[in-house]
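Please read the structure below before turning to the comments.
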Amino acid sequence: VNAPERILPDIQAQIDHRSMAINRVGVKSMLHPLKVSSATGEIVHTVAHADMYVGLPPDQKGTHMSRFVEILQDFDGAIDHPGMHALMLAMLQRLEARSGWIELRFPYFIRKAAPVSGLSSLLDYHVTMRAQMDRDASDLSFLSGSPSANGFQLTVKVQVPVTSLCPCSKEISDYGAHNQRSHVTITAELSAPVSLEELVGMAEDEASCELYGLLKRQDEKYVTERAYDNPKFVEDLVRDVAGRLDADDRVRAYVVESENFESIHNHSAYALIENHKH
Amino acid sequence: VNAPERILPDIQAQIDHRSMAINRVGVKSMLHPLKVSSATGEIVHTVAHADMYVGLPPDQKGTHMSRFVEILQDFDGAIDHPGMHALMLAMLQRLEARSGWIELRFPYFIRKAAPVSGLSSLLDYHVTMRAQMDRDASDLSFLSGSPSANGFQLTVKVQVPVTSLCPCSKEISDYGAHNQRSHVTITAELSAPVSLEELVGMAEDEASCELYGLLKRQDEKYVTERAYDNPKFVEDLVRDVAGRLDADDRVRAYVVESENFESIHNHSAYALIENHKH
Amino acid sequence: VNAPERILPDIQAQIDHRSMAINRVGVKSMLHPLKVSSATGEIVHTVAHADMYVGLPPDQKGTHMSRFVEILQDFDGAIDHPGMHALMLAMLQRLEARSGWIELRFPYFIRKAAPVSGLSSLLDYHVTMRAQMDRDASDLSFLSGSPSANGFQLTVKVQVPVTSLCPCSKEISDYGAHNQRSHVTITAELSAPVSLEELVGMAEDEASCELYGLLKRQDEKYVTERAYDNPKFVEDLVRDVAGRLDADDRVRAYVVESENFESIHNHSAYALIENHKH
Amino acid sequence: VNAPERILPDIQAQIDHRSMAINRVGVKSMLHPLKVSSATGEIVHTVAHADMYVGLPPDQKGTHMSRFVEILQDFDGAIDHPGMHALMLAMLQRLEARSGWIELRFPYFIRKAAPVSGLSSLLDYHVTMRAQMDRDASDLSFLSGSPSANGFQLTVKVQVPVTSLCPCSKEISDYGAHNQRSHVTITAELSAPVSLEELVGMAEDEASCELYGLLKRQDEKYVTERAYDNPKFVEDLVRDVAGRLDADDRVRAYVVESENFESIHNHSAYALIENHKH
C-alpha cells in the first residue's frame, strides 16, 4: 500500500444507511486461463469465465472489487473439489465475508477411443463448477474444515453432447429414423467428490450413442447401427440418466435435462427431472 | 384425424415401467411472432423464443410434441397477465396435464421522449414472461378460475439497459468519472398485474441515468450531467431498485440484479438482492 | 432546431486534418420492429438488428449519429427490394453522403403445409438484407433512379435450416443412417428482385428433406423416409444449390454454404461455393 | 488401416459428374486446446474454435473429414506465423489438396502492469488467425518454402477492448463526459511476422485509455483522468489506428473497426477503414 492509495478516500468502506443486505456482489464474466484436474490426476488446460461474489452486510456501502481479481490471479492450483474449497476460503478471508459464491464455466476435454478402430481423440464438454458457502457467525472452525463440512456446497454441471434417435420415427417408418445431436445436462450437488469423467459417462452410457471427435469408416458404421438399435425419446434420456443419479450416494440433489436439436424441426424437444434426495 | 394417423402406432402413449415422473417435457426455443399488450393497451409486435412444457406422470412414456406447436400457433391473443393464463389453460387441457410451464423471451419496445428536445424514439428491452401452474388433483375449478388463483403463478423478468457512473471514480479524480452501460434486471413474481412499463420505470428511475434511442446535443448535455450528478455503485443500483419492489404489494417475491459492463475493465461488476416476501 | 442546440458547439462538423476518408461510419446493432413484404405481398412483422453507415470524406471530423436513428424510426414502409432502395436514398440525403451501407438482420416466417396431413405451420429463417450504394460525384440523377441502377446493390442472405442425411453412413451400415439439422446459407447479390420464399425454396428443394414447425405421425413417417431416400453430403448440398443459382439470371453473384451439425461429432461439416458470374 | 476399413466402400472418393469445384470443404467449429507463442516466446495456453478447409476439384465427390481432425490433434507445436504455415502444409499434404483455409479463433492473454501501482494482471483479447494457401499446379517447391512465399497468406485479427470518451459530450457539458467500453478490431494481412502484442498495442495506444484486469484506487484515478484528457470519437479511433497500420511495412492490407457500446444508448457507434496497400 503506497502513499497515493492512503490519501484517496475509500468510498466503498463508508457506512450505508439503507439497512439492506446484498446477497451477492463481486465480479462477473472475468475470462481467465485455468488448470482442471482430470479423474486420473492429469492437468487439462482451459479458459474459464469466472463469477466471484460475496454477501455484503446491511451497513457496508460497497465491496472491494479489485480483491476478487487478485484472488483469482493468485490462485495457481488445479480446479477440482478441494481446489474450489481452497479458492472459496481465500475469497472469504480476503473479503472478510461470511458467505460466498464462485462459478467457473469452461470447456473441458476428455480423450476417448473410437469404438472399432480404437483411434484416440479429444471431445469437448461445457462444464460449470459452482461453489457456495454460508458459514455461521459463531463458527470459527471453518478455516481448518474440509470441503464436505462447514456450509460448503459444490454443484457441478456438465453439458454432454450425444446422439438421440427417435423411437417413434423408427417404428412408423419403413426404413431410417431421424436422429440428431442432443445436449444431456447433469447438474449435481455433491456430498463427496465425483469426477467430471464419471458424470459425463452417466450421460453418454444412456444416450442412443455417444459422440467422438474422430471416427473412421468402420467406426461410423458402428455408431450408426448402435443409435438405430438404441432409440430414445427425450423422456427416456432424462429418466435413464436420473436412474443413475438416484443410485449414487455422493449426489445429494440433481437436475437432469435433455435438449434434442430435432433434425426434422427448427426447435428443440426438451425434458427435465429434478430430485432433492433429503 | 385422418386414416394414416389411425393405423400408425402411438409409441408415446404406451405405458412406461420406470415409475419416474418427469417435471417438465415439451418444446424449447421455438421462434414465433407475437403480440404483446403495452400499459396503454397498444399492441407491440415482436418475435419470441417460446418454451412450453407439461409434467408427465410416471406411467406415461412420452408427451405429444406436435400439440404444443398447435397451441402456440392457434393462440392469437396478446401477451399480458390474462393472456399468459389463457395460453396455460389451453396447454393443460390439450395435453391433459396437471402442471405446466411456459416461458416466452422477446424484445419489447417502449416509446420515450428525449429529456430536453422531447424528440420521441423507441428503446428496446429484453423481457421474459414465465407462467407456471400446478393444480391439485381434486380441484376441478381451475377452468373457470382467474389468473390470480388456482396455482397459477406469473413471473416477469425485464432487462433494462441504463447508465451507471462510479462514485469512487468521481470522488478520487480531479475531473471526469468512468461510466458505462449496465443491465438492471428485475425478476418479479406477481400476485396482481404489473405492466412492463412500470417495471422498466423502477429500474430507470434508480439508475445514474436512463438510456434513449435518439438524443440531440442538448439532450446529450443533459444525460451527461445527470449521470455525473447521480453516481451509483452496482450495490446502490440493486438496493435502490429493491426498495421500490419492497414497497409494491403486487410483487410477491423478486430478484434484482445489476451487471455493469465496466468501461475500465474487460469484466463486469455485479450485484444481486433476492427477497421472498411471505 | 431550438435555442439550446444553436449555442452548443458542433464538434462533429469541424475540419479534420488527418486527410483520411472513413469507409463506413454510423450506428450498429440497433434493435427495431420491422415489416417485411412476403412474396405474395403480405406483411410479416419481425424485429431487426440494423446497421446503418455512410462514407465520410477526409476533411470531416465526424458524422451525425442521431440522424441514422431518425431515418430508421421515420421509415414506415415494408422491407423488400424497393424498400431497401428508399431507405438508402433517405439516408444518403439526410447525411449528405455519397456512399452508404445498410444491413438488416431479422427472423422471417414462412407458412408451410405438412407433407401428408397438409397441416399448416410457420417456419423461421434468419435473413440478412444488405444494401450498398456508391454514387459517382458527377452523377446527380440518382434521386430519380430505380433500385437497379445508379450504383445501388442489394445482397440477400437466407439461412435455411434443413435435414441432411449422410450417404456414406447409409451405404456402409446394415440399417439406419446418421442425419442432422444443417444450415444451408445462400448469399445472393441481385440484379432484379428475388423473393425470400424463392431463395428459401432453392435450399429446401435440394436438401435431404426440408423442416416443418408441425408434423403429425404420417408426416413424420414421410420426412424420415424422404431423407433416407435422398442422402446428401455437405458437398452435394452446396453443389446442388449452386446449380440452381447458376441458372437464375437475376443472381449476379452468390455464395452458398452448408453447415451440418453432425449428430455423430461435436463439430460441423462445412462446404462453400462462391461464384461471381460477370 | 485394418481389415474392416478396406472392405467398406469409399463413397467420398467416387467420381462426381456435376463438374463443379468446391472452394472450401472441411470441418468447422471444432473446439480444441491450443498453445500460442507470445512476443517473448512464452507459451499461452488457450482453447480455440478451429475451421479447416481445402478446395475440392470438380471431379471428386467428397473430402475425407476425419483427416482434418487427425491433423489438428497431431499438431503439438505453438501457434504463430511459422506454426500456421506448418499446419497448412500438413493439411494440404494429408488431404492431397492444392488450396486450403485454416481459421483459429481463441482468447489470448497479455500480462499488463497497472499504470500507477504497477500491479500485474492478465487482460483477455479475442484473436482470429486465418491462413490461406493457393499453390500453383506446376510449382512443386512449396514444401520447402518459407511462410512468406508460395501463395501462403496469413491474416491476424485482434479485438481489443478499450475505453472511449466522447469529445462532444465533454465539450458541451459543464462537467463529466460519457464514456464506455469499445472494441477496436484490427484485421491485418501480414507480409512478415507481427506479434499479437504489437497489434494490441497499436489499438491501446490510440484509445482514450486502455483497460486493465486489476486497478487500485490510484490507478482508477489515473485511468479516469487519462480518458477525460484524451477524448476520441469512433471516427478518431479508426483514423488513428489506421495511421499506425499505414506506417508499418509488414502489413500488406488491413481493416480497422471500432464499435463503441454507447453508455447513453442501447446501440453502438461504429466506424471502419480498410486499406489494401498495393
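To keep things simple, chains are lettered A, B, C and D as they appear, and every chain counts its residues starting from 1.
The rule is simple: a contact is a pair of C-beta atoms (placed from the backbone, for glycine too) under 8 Å apart; a residue touches a chain by one contact, two chains touch by 3 or more.
Quantities reported herein were computed from a predicted structural model and do not represent experimental measurements.
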Higher-contact pair (C-beta pairs counted), B-C versus C-D: C-D
Farthest chain relative to chain B (centres taken as mean CA coordinates): D
Whole-Å gap between the CA centroids of chain A and chain C: 37
CA centroid of chain C to CA centroid of chain D, Å: 25
Chain B and chain C: spacing of chain centres that average the CA atoms, whole Å: 29
Residues within chain C bordering two or more other chains: 8, 30-31, 69, 124, 168, 172, 213, 215, 217, 221, 266-267
Contact set on chain D toward chain C in their complex: 8-9, 11-12, 16, 18, 20-31, 51, 53, 56, 61-63, 65, 69, 167-168, 171-172, 233-235, 238-240, 242-243, 259, 266-274
Chain B to chain D touching residues, read off their complex: 123-124, 161, 163, 165, 168-169, 172-181, 209, 211-213, 215, 217, 220-221, 223-225, 227-228, 261-267
Chain D partner contacts - residues on chain A that touch it in the complex: 2, 4-5, 8, 10, 30-33, 44-47, 66, 69-70, 73, 107, 109, 116-117, 121-122, 124, 213-218, 221
